[in-house]
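Okay, handing you the structure first.
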Amino acid sequence: MDRKELSVWVEKYRRGHISRRGFLTVTGIGATMLGMGIRPSRALSQELSGTVTLATWPSYQNQANLDSFTEKTGVSVNMAIFGSNEEMMAKMQAGESGFDIIAPSQYAIPLYASGQFIEPLDLSLLPNYDAAAVEPRFVEQGTFDGKTYAVQKNWGTSGFIINTTMVTTPFTSVKDYFDGIRGPYSGYGVALDHPLDTVGFALKYHGYSFNSVDEAELKKAEELLLETKPHLYAVTTDFQPMMSSGDASIAMGWSFNAMQLHRDMPEIQYVIAKEGGEIWCDFYVITRNGPNRAAAYALVNHLLDPANNVLEFEAHGSAISDTRVLALLPPEVQTDPILYPAKELLDPLEFGIAEAMSNPLRNEIMARFKSA
Amino acid sequence: MRAFSLFIFLFLYLPVAVIVVFSFNAAPNMSAFTGLSLRWYAKAFSNPLAIAALTNSIVIALCSAVVSTAIGSAVAIGLMGTSRTTRIVVQSLMMLGLAVPGIVIGLASLVFFSAAFSGAEQAVAMLAGWEQAAKLFSFGRPTVIAAHSLFCTALVVEVISLRLRQLNPSWLEASNDLYAGRGETLWRVVVPFIVPAMVAGGLLSFVLSFDEFIIAFFVSGTKPTLPVYMFASVKRGATPELNAIATSMLTISILVSVVAFSFLRRGQARA
Amino acid sequence: MRLAPEAEGGGANAPDDRTKGQRMNDGGGTFRGVTKKFGSFTAVNDLSFEIEAGSFVSIVGPSGCGKTTTLRLIAGFEFPTVGSVFIGGSPVERMEAYERPINMVFQSYALFPHLDVFDNIAYGLRSRRNRRPAAEVKARVNEIIGKMQLSGKEHNRVWELSGGQQQRVALARAIVNNPKILILDEPMAALDKKLRRDVQFELQSLQRELGITFIMVTHDQHEALSLSDRIIVMNRGRIEQIGSPDELYNRPASRFVASFIGDFNLLELEKPAAGGTVDVAGRVLAVPQERAGEGATIAVGFRPDALKLSAAAPGAGGEAWRATITNVIYLGDKVEIKLDCPSSGTLLARADVARLAERRFRVGDTVHLTVEDSDFHHFTK
Amino acid sequence: MLQPRMARLLLLPGYALLALTLIGPLITTLVISLGRRAPSGGYETALSIENFASVLSRSTAFLNTVQLSAFGAAICILAAIPVAFFIAKHLKGSVRYTVLFLVVLPFFTSFVARTYAWYFALGGRGLPAVLEWIGLGRFRFLNTDFAVAIGIIYAYLPIAILMLFVAFDRIGDDLLEASNDLGRGKVETFFSVVIPLAMPGLISTYSLLFILLSGEYLIPMLLGGGKVYFIGNAIVDLFLQSRNWPLGSAVAISLMSMMIVVAFLSQIFQRMANRDGRIG
C-alpha cells in the first residue's frame, strides 16, 4: 500500500466511512501487527469453536437449524435482533463490530460494501450455495462492483393490505391507497414507518420511480404525504394488531405481514399495486471484522443447505427463490398469490436501491412526515 | 382516599393482568381469548434467545444496582463534606445524568466507547505486543452496566441525599463525642441511617436498569437484554410468547422480593 | 482516659482507668486566651478561665453570647482560632472530640434513631478507640440502666421514650464512659417545669456521687444559680464575670451581670461620678472604697429587695423618690410591686408578704421610696 | 463533619463514573453535532452550527413533547398525591412498606410488555369494545394523545408515588395534629400544612417527571403509532432511520438544554419553597 492510497483510507476512516477494524486491516496496520508477531484476530482457522453472532430480524430464523449447527460444529449461535436495515446500519456505522453475519436487504448491501463493513464472499467456503439455482435478478442484488458480497436468503414484495369487509370500493392501485385514505377511509389507513417504502409509494402515486431522488419529484411526494398524514391512523411497522382488531382497514405493508394476517382472517387481502412498488430480497453477508469468520462461513453454508432452508422457510414464511428448495416445498406454496404473485404483477416492481436509502432529502421528508 | 388508592392500584395492575391472562391464551395472537394453554410458556422456555436475554438482563440489573448503590451512597455522603461549588457541580452533573435522554447517552456512549476501546487496544498492541489486544474490549454486559450505572447512581444520590437531609448533625457530634472517629461514625451512624434509602435506591436501580431499553440497545453489543429483544420482536408483530416471558419475570420477581423482604424483616428484628 | 499519645505516653488509658482520688485532680479545664472566629464574626474573644476538677460549672449568658461556642471548644467540635485549652493539665485544643476524655449531653439529646436504648448507651464503649469487652459493656450498661431507672426499656426504640426518659438515656450514654468532664448543653430545655425541678436535683446528686466535673450551658439563670459551684457569665463573646452564685448575686461586677443574674433596678447616670461622690436623682452617694480605683462610676443600682416603700415621706430625696404603683404581683410568700418613678423610670420592689401585712398597697397609690446607701451597687462598666 | 480528604475519596468513584459515562459521551455528542451527515449516513467531520439552525424543523415534535410532558407530569402528581399520602400517613409499620412494594411490583414485568399490553387494552378489541358493548358508542383510543398520556401516566405514576411518599413521610404527624387541633379539618390541613411543607418534594417530583417524560421514546412509539411524535422519537429516527447523526445530536443537545433549564428552575423554586416552608 503506497502513501497515497493510505491517505485515502485515513480520510475514509476519519469520515467514519469505514470501521476502525476495517481501517486497521486495510491500511496495513494489521500487517504491521503481523510483523510484530500479532496474529490478526480475523485469520481463518480450520478448527471451529466459540460463538458466532448473527444479526437478523425477529422471527426470521429457525431455531432448529441453529441447534443442529451447534450440535455439528460445537459453535454456539448468538442472535441479535434488529427492527430495520437502517438500525442495523446505524449500529455498524457507530462502531459495533461484534456481528459475524448480518441479514440485510438488497438496498443496504452497496452501503455495507462501500463502507468496508463487509467483503466479497469466498464462495469456496460456501459449497451449499448455488448461484445457478437462484433467480438471476436476486443474485445480481447481492453483488457489488462485480463481486458477490451476499447470498440470498428470501424475498418478498411491498404492497397494500386491506380488510375487504371494511374497504368496499375496488382497490388495485397506489392511487386507491392515498385517495382512499384521504377520502372514505380517513382515519383507517396505516403507512409504514419505513422511508424507502413510504416515500417510494408517494412517488409512485405521481408516476415517478419508486427510487427517485429527484428534488422536484420528492417535493410532490412530500406534499402528498403531509396531506395524507392527518387522515392516517398510524405510521408504524407494527400494524398487524390494528388490522386484525379492525382499528385500521388499509395498510401499506410487506408480503409476509399479509401472509400472517390472511392466514388468520381470510377477509384480509394483499394487493400489489398496478403502478408497481417494491420487490425486496434479504441476504446473508459476512462482516469484514467479525470475531469468528470461519464459523460465520460454516453457519451460512449450513443454512443454505436446501433441506435446512426448507426449515428456514417454515420459520420466516417468506418466498425463497432457490429452485432446490422449491422442489422440496409443497406445490401449493409456489402458487400462493401472496408469496409468489403472478409475473405481470411483479414486473412493474422495483428493487429499492442504496441511493434511495441513503438520500438525505428522502430521509428528511420521512422525518418531516412523521413529525407533522 | 382509600377508594382512590384502590382505583390507582387497579390502574397499575390492569396491564399486568392483561399480560398474565393472555400468557395462558390458546389463540395464536392477542386478539381474543380462546382458551387456556401453556403453549407460550413452552415456546418461551425453549427459545434460547429469550432465555439468554432474560439472564443477561438480570445480571446487568443486579450489577447496575450494586455498583450504583455503592457509588451513589459514597457520593451522597461525600457531598456532605465538600465545598458548595463541588456539591453544586456534582449534583448538577448527576441531574444531567438523569436528564440526558437515553437515546443520546446510548448512541454517544457507543461512539465514545468504540473510540476509547480502539485507542486502548492499539496502545496495548503496540506497547505490549500482545496479540489478543485487538479483542481486549468489546461491547457487552460491562458497557451496559457502566451506562446504566450513570442514571441509577444519579437516582441513588438523589434518594440518599434526601435522607441525609434528615440526618441530625448532632448525631455525628454525639458519635464523635463517644470516641468514634469520623470513619467509624460514618460506618456506625451515617450508613445505618441511610440503609433504608440505599435499599430503596438499589431496588429502584434494579428495576430501572432491568427495564431500560434504548441505552442497552446501543451498547449491549451482540448480547441483547430482554427489553431490546422484546422491542425487536414487537416491531414485527408480537406473539403471546412475550406475555409468557413477562409473566415468568413477574413470578420470579415476586418470589425474589418476598424472600428479600422476609430477610430484611428478620434482620430488622435482630437489630 | 485516652488522651493524645504524647500527653500520656500513648497508653490506652480508658476513661475509667483512674482511681477516685485522681478523679478530683485531673478533671479540671483551663482556657487560655482562646479566640474563635467564624469568618469575620468573633464568637469567642480572648477567653481565659479555669474550671476546678470535680466542680459544677455553669456558663450563662444571652443567646449569641458565645456560651455554646465555648462548650463546643471544650468538647472538641470547634478548634480555637487562637489560644489553648487544657484538660487535666494537658493541651487538647488540637484534639478531636473523639480523643477528648469528655462526654456531652446534647440539647436535643442526639440519640441514635437506629439503635435501641441499650445500644445507644453502649455506643461509646463499643467505639474502636475505647472498645471494652462485650461482657464489660453489658455489665456497665446494665448497671447504668439500673441507676438511671431505665430498667425494662433496654430494647425500646429511643423515639418511643418520653422526654424525661430520653434525657436519662442521653445522660447514661455519656456517663457510662466515666468521662473527666461531662458537658450538658441546655439539658432542661426540652423538659416541663415540674420535671425540670426533679432533674435538677438528680443532676446535682449525680454530680456529687460521680465527682465528675460538670459544665452546663444554660440560658436560665435560676437554674445556674441553684445548681452551680461557679458560674461563668458571658456576653458578646467575652466573660463578664466568674464567681460563685453568691458572688454574682451580691457583688455583680458589671451592669450586665447585675441585670442578668436576678432582678435589678439599674439607674444610668447622666453625669459620671466626680470627686468620690455620685448624684443619683438628687441623692448624693459616696463611691465605695473598693470601686474607687476602677474609674468613674457610670451607673448605680439595687436589688428589688433593697427598695422599701412607705406612704409618708421619709425626708430625703424629695419628689424624685416618689413613685406610682403600676402592678402588684403576689408570689406566695413574697410580693412584687412594679413602680413608675418620674426620675428613674420603672422600678421593681420585692418584699415579704408578712412585712407588708399592715399596709396593703394598691395599683395607683403613690408611695415614697427608700434605699439604704449601702444597698447601692456602683458600676464602672 | 466529614474530613475534606475523605469526602474527596468518597467522590472519586463518582467522578470516574461521570467522566466515563457522561462527560465523554456528551463531548462526543457535541463534536458530532458540529459535524455533517456523511453521504451514506452517519457522521463526517466538519465545523458548523448549521445543524442547530435545522433544529427548528422539529418544532412540532418539541411542542408535542412539552405539552404532553407538562400535562402527564401534572396528572401523575395529582394521582400520586392521595395514594402517597394515604401510604405515608394512614398506613403503619410493615403494611405501608408492603403497599409501597405493591406500587413498584408492576415494574418487575417488562416495560415494553406492559406498554404493549396498553396497546391491546386501548386497541379496538380492548376498552373500545367494552364501551361499545355498554352502549357508549364507538371509541378509538390508540394513536391519540389520550393513549400516550395514559401510557406515560401509567409508566411514571409509581415513581411519583415513591417520591411523594418520601416527601409526605418527612412531615411529622404532630404537625397534622397541631393543625387539626387548631381547628382545621383534614382537607384544610392537607392544603394549609401538608402541601406547603411538601412543596419542595412536589416541585422536584414534578420536574423529574417532566424531564423523564420529555425524553420518552417508547411510549409514543407504541401508543402514538407515529401520530403522536415526541422529540425522543425524532432523535431516534435521526440516528437510526435517516442516520443524520449531526442533526440528531443537535436536536438532542437542544432537548438537553431545555431539560437543564427546567432542572435549574426547579432548583430555584425548591429553594423558594424551602424558605417559605421553613418553620421558626
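Letters A, B, C and D name the chains as they come in the text, with residue numbers starting at 1 for each one.
Operating definition for what follows: a contact is a pair of C-beta atoms (placed from the backbone, for glycine too) under 8 Å apart; a residue touches a chain by one contact, two chains touch by 3 or more.
Owing to the predicted nature of the structure, the values given are computational and were not obtained by experimental measurement.
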Practice problem: Identify the chains adjacent to both chain B and chain D in the sense defined at the top. | Solution: A
Exercise. Quick one: report the Å distance separating chain C from chain D, using the average Cα coordinate of each chain.
Key: 55
Self-check item: Euclidean distance of C-alpha centroids - chain A vs chain D, Å
Solution: 36
Practice problem: Round to the nearest whole Å and give the separation of the Cα centres of chain A and chain C. | Solution: 88
Quiz item: At what distance in angstrom does the C-alpha mean of chain B lie from that of chain A?
Solution: 34
Quiz item: Which residues of chain A are in contact with two or more other chains?
Solution: 84, 94, 238, 241, 245
Quiz prompt | Touching two or more other chains - residue numbers and ranges from chain B | solution = 30-31, 107, 111, 115, 173, 176, 231, 234, 238
Quiz prompt | Category of the chain touch graph - line, ring, star, complete, other | solution = other
Exercise. Kindly provide every pair of chains that touch.
Key: A-B, A-D, B-C, B-D
Quiz item: Which bits of chain B are touching chain A when the two form their complex?
Solution: 28-31, 46-49, 52, 107, 110-111, 114-115, 118, 122, 125, 129-135, 138-140, 218, 221-224, 228-229, 231-239
Self-check item: chain D residues within the chain B interface of the complex
Solution: 1-4, 6-11, 13-14, 17-18, 20-29, 32, 43, 79, 82-83, 85-87, 90, 94, 101-118, 120-121, 125, 154, 157-158, 161-162, 166, 170, 208, 211-212, 214-215, 217-218, 222, 232, 235-236, 239, 245, 248-249, 252, 255-256, 259-260, 263
Exercise. State the interface residues of chain C toward chain B in the complex, per the touch definition above.
Key: 2, 75-77, 96-98, 102-104, 106-108, 110-115, 123-124, 127-130, 173-174, 177
Quiz prompt | chain A to chain B touching residues, read off their complex | solution = 20-21, 24, 29, 33, 36-41, 53, 55, 57-59, 63, 78-84, 91, 94-99, 237-238, 240-241, 244-245, 257, 260, 264, 291
Quiz prompt | chain A partner contacts - residues on chain D that touch it in the complex | solution = 37-45, 57-58, 60-61, 119-120, 123-125, 140, 142-143, 222, 225-227, 229, 233-234, 237-244
